[in-house]
Amino acid sequence: MPFSHLRTVRLADTDAAGVVFFARTLALCHEAYEESLAAAGLDLNDFLGRADIIVPISRSEADYKRPLRVGDKLRISVTPSPLSGNAFAVTYEIMKLGPVEKLSARVRTEHVCTSLSKRERTALPPALAAWVQAG
Amino acid sequence: MPFSHLRTVRLADTDAAGVVFFARTLALCHEAYEESLAAAGLDLNDFLGRADIIVPISRSEADYKRPLRVGDKLRISVTPSPLSGNAFAVTYEIMKLGPVEKLSARVRTEHVCTSLSKRERTALPPALAAWVQAG
Amino acid sequence: MPFSHLRTVRLADTDAAGVVFFARTLALCHEAYEESLAAAGLDLNDFLGRADIIVPISRSEADYKRPLRVGDKLRISVTPSPLSGNAFAVTYEIMKLGPVEKLSARVRTEHVCTSLSKRERTALPPALAAWVQAG
Amino acid sequence: MPFSHLRTVRLADTDAAGVVFFARTLALCHEAYEESLAAAGLDLNDFLGRADIIVPISRSEADYKRPLRVGDKLRISVTPSPLSGNAFAVTYEIMKLGPVEKLSARVRTEHVCTSLSKRERTALPPALAAWVQAG
């Protein structure tokens, strides 16, 4: 079973079309990613440049299937998979909860571990590599 | 005891200073307001113009006491109080959780119930008035 | 020459890694899309459900090449292309301006014209179809 | 004449009520502040912790007078004023442009210059003090 994150759609997530703004969908997935890392004991702050390592997103893809509205209850699954020794992908499914669960969006991000000092790709830290493998 | 909402600070809440962007602090409080309404059985969608009623925010004030960082755990309290028959205020305290809880911000919003068709202030719907009184 | 939109990176676009949050990159492109529609005399409000028509984004893809920081000056090009009688794609290039222009991101969105009353795909309104063709 | 910043309301600024989300109003004012600093030759990055100095916002107040919609053209004026040797306020007026200009919001922020190493208030850097005085 993949890790999943529960989330309610907030007014700030929506736009004047009455639904979640498409780019916010990616932010919701990133929250689920952050939550999944935290659940594995990883601290996102370690990958924001505090150490020599950053793990920026190099690519995103999203298919928007069904609009989401204020108050909708979501379950966002998080499934990492390795791409190489210094990169990984994460796929997300955003399910709208209710009597019948419905797929709202499918998202995929790619992340590349980078050394700030060497300005090149570098191996994932062991704990992050373990998180990817466990996915 | 006021209603309170638990929230973790997300990367999308922060800015390049490494802390929550000041305007996002108000969005965090609005989430807590939405959650408090939902807990009382109220649907925010009813106040977004679907019916004749909107309840826009007419004023906000915020005192930012301590910066918040990615991963910080927050408890946001929500305390409504009546201003008149067609307006109310909500005060929020954002506490940063930890061995010692610390006040991060104190926020206050004012909300005015408005009839779209009459283009003037109107009485709060009974369920919303009850939520304000219960605060 | 494709339409292009000039934009400065703002603090609110960035995150605690010191750079533009990946999902905000898509929002920057959407601004450029809005600006391109406006330059062609089209009003985005007409596609938000005020009439029977909405034109939601069904898919997005983004390749993030170089990070962007507060104050960076950007030129975002907007190139629409038809996918069918009721759908189109838009490709965007975000160039970071400077002594040497550098590609920061390449983004693509797909948009599907939908009738709210019929709950199915419908032909693009003539003015929007003309904007796509002119791309 | 105070500095002013021209801005068009974007879809990402709005929420499901069809208007600019109240907290985004403060972000619009911060953009105008950034633009005013840049026009005076100041680089916001210098106040984000790169040097020993940060200038966080300690308080905000906003009065929301008229709702703003996608495509609305705005002029945001920026008027700084000193509070002390290490603090200043900025007042903003957001005018909605049109045949008759209308005040949409009035906002005020307070900023406190702080030394990261000393963890206490410190004097404004001369260039920033000059910007405040010129306001």
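Letters A, B, C and D mark the chains as written, and numbering starts fresh at 1 in each.
Note that contacts are C-beta pairs under 8 Å (C-beta built on N, C-alpha and C of every residue); 3 or more make two chains touch, one makes a residue touch a chain.
On a predicted model such as this, the values are computed, not experimentally measured, just so you know.
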Task: Work out the mean Cα position per chain and let me know which chain is farthest from chain A.
output: D
Field: Rounded Å distance between chain C and chain D, as computed from the means of their C-alpha atoms
entry: 27
Message: With centres defined as the mean C-alpha position, give me the chain B-chain D separation in Å.
response: 22
- request: Starting from the mean Cα coordinates of chain A and chain D, work out the distance between those two points in Å.
  value: 32
- request: Note the residues in chain A that touch 2 or more other chains, in rising order.
  value: 11-12, 16-19, 21, 23, 27, 30, 45, 48, 69-70
Message: By the document's touch definition, which label belongs to this structure's chain graph: line, ring, star, complete, or other?
response: complete
Statement: Touching chain C in the complex, chain B uses residues 11-12, 14-19, 21, 23, 69-70
Field: chain D residues touching chain B - in the complex, by the definition given at the top
entry: 16-19, 21-27, 30, 45, 48-49, 54, 56-64, 67, 109
- line: Within the complex, chain D is touched by chain C residues 8, 10-12, 27, 30-31, 34-35, 38, 43-45, 48, 69-71
